[in-house]
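Note that chain A is present in both complexes that follow, paired respectively with chain B and with chain C.
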Partner chain A sequence: MRADAAGERGAAGRFFDRVAGGLRVWWTMLAISIEERLVYRGDFVIGTLMRFLPIVTQVFLWTAVFNATSRPDIAGYSRNDIVAYYLLTMVTRAFSSMPGLSGGIARGIRDGSVKKYLVQPVDYVAALLAARVAHKLVYYLVATLPFAGVFYVCRDYFPPAPPVGTIAAYLLSLVLSFLLGFFMEATLGMLGFWFLEVSSIIFAYMLVQYLLSGHMFPIDMLAGIPTGIGGTTVADVVRWLPFEYTAYFPAAVWLGKIRGADLARDLALEAAWVVVMAVACRIAWWRGTRRYSAFGG
Partner chain B sequence: MPRHLRILATFARACLVRDMTFRGNFLLECLTSIGWMSMNLAFYLLVFTFTPEIGRGTGWSREPFFAFVATGLVINSIVQALFMPSAEELTEMIHTGGLDAVLVQPLDAQFLLSMHRVDFSAFANGLVGLGLLGWAVSRMDHAPPPVAWLLYPLFIACGVAILYGLIIMLAAATIFMGRNQSLYDFWFYLTNFSRYPAEIYAGPWGGPLRTLCTFVIPILLVVNVPARVVAMPLTDAAWASMAAAVVAAAGALVASRLVFQAALARYRSASS
Partner chain C sequence: MPYTSRMHNSNRSEVVIAVDGLAKEYRVYDKPEGLLASVQGLFHRTSRLVEALRGVSLTVGRGEFVALLGPNGAGKTTFLKLLSGIITPSRGTASVLGHVPWLRADDFRRRFALVMGQRNQLWWDLPAAESFRLHREIYRIEPARFERIRDELVDMLDVRRLMLQPVRELSLGERMKLELVAALLHEPEVLFLDEPTIGLDVVAQHTIHDFLRSVRAHRRVTVVLTTHYMKDVAALCERVVVITHGSIMHDGPLEEIVDRFTTHKVVTLDLDDAAAARRIEGLGFPCETSGPRVTLRIDRRRIADVLPAILAAESVRDVTVEDVPLEEIVAELFRGAAPAAAAGVPT
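Our next item is the complex of A and B:
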């Protein structure tokens, strides 16, 4: 009996050792990535502030549109709602956008640098995730101040703060949008195992993503455009795709456009998309590395 | 000048040969830029399902606005084709010492650095822009007078000259700073202000911004002036803005020349 207990403790101990070892490796990868990112912190600050410039033109454009029309709102959005929406999509994009991820993966496959992950005891997807978390942490560290400044200046455009439950749902949707953006772009990059050049596929993805994510305008504005199929609108079709979770959805949650059962259902759908894309990413990695061949030292 | 034109033609021919060597890639690049442009056009069409015009009483209803957009496409395609590819290479040339080789050539360095590469695929948007302009003008309530069509290319050239001046000054900043990726991003974000009619910049924030982008960095004159020539009646205010565009274009060319020369005087070679 005592031997069994000792054996169980030993197995549990080995399990915890492995978990602790894995976490140590992950933490080391994270620390290295953070140091790399901080080298260009000046560029980061300037780049962050500049990303707000297109929003300035959008604010003036929509103000002019509302001036010219007698409508109090467009697709349920007042002028202030639209300004707040664009600012909130900037926050979502700060989580979900993955600049250089898919291109970097495809390049690594093409030039052979990915092969080190085949011989080292480091999981490639985990390493990429750690690097991306580091990238985002440094980004938030540097970007918080300019974001806070812009949001303070524009505070009158926002409705009163939503209830705590909505804020919690908003934060959850942001974390999920980060994971969804990561796994979607990582999967895209792994197409490099099958195609020598994926830049055109990446471009097509960016185009679709930009249009259908709600980055350009709230998805609700497509609700009046019929597809011609069984009374469904373009907005209905877009809502069944994962793109809206990378810009529109969190912003709409904060603004109270999605509530109650709809909110719970959409959060579940977003989580489901994360799982689907994470599995797709794993499958792409397994199957890709099986057919991968490289030469050289 | 004929010598410079001959050399420019030689550069263009070499770039065209290179583009035609990789025809698939060339076609893809054309489709790429047309794809982005189509997306923006779809956005503008969507906006006009909610409003009859951009700004109350401004006159920028759907057709004049699309004439404005078309003008922007034509100007930007010229700039993207003729100047941007060369300017983008400058940072690399400074790091590798390639700029040294340019400076010892028996040719003006600014000419060589700003025009040695031509991106023919960027003209695709310009061609679509011309088609869009024809469509928009044919559907407008008033046809532009013949003088408008004479003035239009002149003010397209003024818009191109203003943007060229800006690019050269940013290229000069590269020489000063060694690295300026953010400044090139800044160029794209800055030109974003020229994408809409100047009338949208109104109110306590918009007024000063409009003044800044008209008289300090004359980015609002780039598209607004030629677009107004064909899309709006030629009023006294229009003639005044045309004069401002000519002055701004000349000023941008002179200022960029001075800044570029000052930057070259401070250049220290990176090569051994």
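Our next item is the complex of A and C:
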């Protein structure tokens, strides 16, 4: 009896040891990745400041659009809403965009540096995630101040701050958008196991994602375009795709465009997409490494 | 050397690596020259199978130090990739430390290390000490043990100072030393080295030889290395496996290669004058003359007759008799295998 109990505790203990060990590895990878990112301070500062340029052109464009029309709003967005929307999508993109992730994975496959992860007892996807979290944390360190400055200057465009519940939903949607962006682009990069060159695939993805994520204009504006199937609109289709969660969705949540049951449903959908893409990424890694091993490494 | 042979024998029974009929084929696409052919290649490609390894079998005992020799493209690196589980074979079986390598079980991966001379495992922009710290976690090395082993290794290679400098600022030799430290921190039982001394200067090569010898003596690591430098082999390995065109051509002690594949001795004579040198040339052996010094190649079986005759006839100031240099023997060995392979490749 006693031996059995001890055995069970041993098994549970071993499980916890493994989990704790895994977390410690991840934490160390994160810390080392942060140190590595900090090596490139200058690059970061310039990259951050350049991000504000496109927004300025967008504001000019929409000012011209509203001057040319007598309507007070377009698809439910007033002129102020539009400026606030673009600034907010910039925040979402700061979470969901993954510069260099797919390309880096594909390059590692092509030049063979991915071998390290076949030889060492360490999980590649976890290592990528640690590196990306580090990337983001260092980015926020640099970017928070300029972001705050811009938001302060543009404060009059924003509606009054939303209730706490909305802010919580907003923050959750941002974290999920980070994970979604990460797993989508990591999966894309792993296509490098099948194709020698993935840059054109990445380019096509960027194009689609720019259009359907709400990065270019609020998704609501697609509601006026019928698909021709049973009275549905393009917006109805796009709503079920993962793209809008990488730009539009969190911004729309903050601006109060999505509330109540819709909000809960969309958050659940976003979480579901994170799970789907995480599984896709894992499958791509398994199958990809199997193929890589068979074809010569 | 007595120590080596004792080690060799006492561990014969404990097999660490067992390989049977291991074969690996790659499919390669033929890309004919020219723009038109490239466009055609978009629609139709011709491919063929290349046999990188054709049924290799061998066993390695614990503590052995084995060198894989062979010309470029002979299949040495393919063999190491199979043993370290990076690739799966087309046929055959392998067991390393009781594991099938290409299943890549974590228990297996914690017990070996692979160092590739032309590839970096260390983080490029950070000091090597940071990569070491990550290895401590990945391989779950106890902190006290980690520090002791790390200090021992960096002191042996005299790189303690360098481990705090960003890796990108180091020379190739310094980087290689730190790569070796990183690979040995978790005390692997098996160490695979793919051309560990490639591109290094003589001093760095020596340091690495001494290091590997002492690692082997103190830690009973089983080492399989590929190399093109005979100095590596002579300094480190008592067992040499020659692979050409995917097959094992020779497997045995280094001296056996010399025995088996050398037919000649190199005899160098310092004579009194150039006239004597010309008389020696007249004997008809392949020779090189520079002033009064003549270097001859004489059939091993005839040396006992020829040499005394020369010594009796000429006044010789100095004489040395040597084996043909190892490089030359191996080059000959590789060349000997070439025609067979050329026949196998469609032209």
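Convention: the second predicted complex is superposed on the first by the 292 of 297 C-alpha atoms of A that agree within 3 Å, B and C clash if a C-alpha of one lies under 4 Å from a C-alpha of the other, contacts with A are read in each partner's own complex, and residues count from 1 in each chain.
Rule of thumb we're sticking to: contacts are C-beta pairs under 8 Å (C-beta built on N, C-alpha and C of every residue); 3 or more make two chains touch, one makes a residue touch a chain.
Just so it is clear, the structure is predicted and the values come from calculations on it, not from any experiment.
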Worksheet item: After the chain A overlay, clash or fit between chain B and chain C?
Response: fit
Worksheet item: Taking the superposition as given, does A:V122 touch the first partner, chain B, the second, chain C, both, or neither?
Response: second
Item to complete: Return first, second, both or neither, reflecting whether A:M216 touches chain B, chain C, both chains, or no partner chain.
Response: first
Practice prompt. In the overlay, answer first, second, both or neither for which of chain B and chain C A:P226 touches.
Written response: neither
Practice prompt. Identify the partner contact of A:V25: answer first if only chain B is touched, second if only chain C is, both if each is, neither if none is.
Written response: second
Item to complete: Using the touch definition from the top, say if A:A64 reaches chain B (first), chain C (second), both or neither.
Response: first
Worksheet entry | Touching partner for A:P159 - first (chain B), second (chain C), both, neither | neither
Discussion item. Between chain B and chain C, what opening angle does the Cα centre of chain A see in the overlaid model, nearest 10 degrees?
Written reply: 90
Worksheet item: Looking at the overlay, does A:G100 come into contact with chain B only (first), chain C only (second), both, or neither?
Response: neither
Worksheet item: In whole Å, what is the nearest CA distance you get between chain B and chain C after the fit?
Response: 6
Worksheet entry | Residues on chain A engaged by chain B in the complex (per definition of touch) | 43, 46-47, 50-51, 53-54, 56-57, 60-61, 63-65, 67-69, 71, 74-75, 200, 203-204, 207, 210-211, 216-217, 221-222, 224
Worksheet item: Once bound in the complex, which stretches of chain C touch chain A?
Response: 24, 26-27, 52, 78, 81, 84-88, 102, 104, 106, 109-110, 113-114, 116, 119-121, 123, 125-126, 130-131, 133-134, 136-140, 166
Response to the item:
Seen from chain A, its contact residues with chain C in the complex are 21, 24-25, 28-29, 32, 35-36, 39, 112-113, 115-116, 118-122, 290, 292-297
Fill in: Residue ranges of chain B touching chain A (in the complex, touch as defined)
28, 32, 35-36, 39, 42-43, 46-47, 49-56, 58, 181-182, 185-186, 189-190, 192-193, 195-196, 199-203, 206, 209
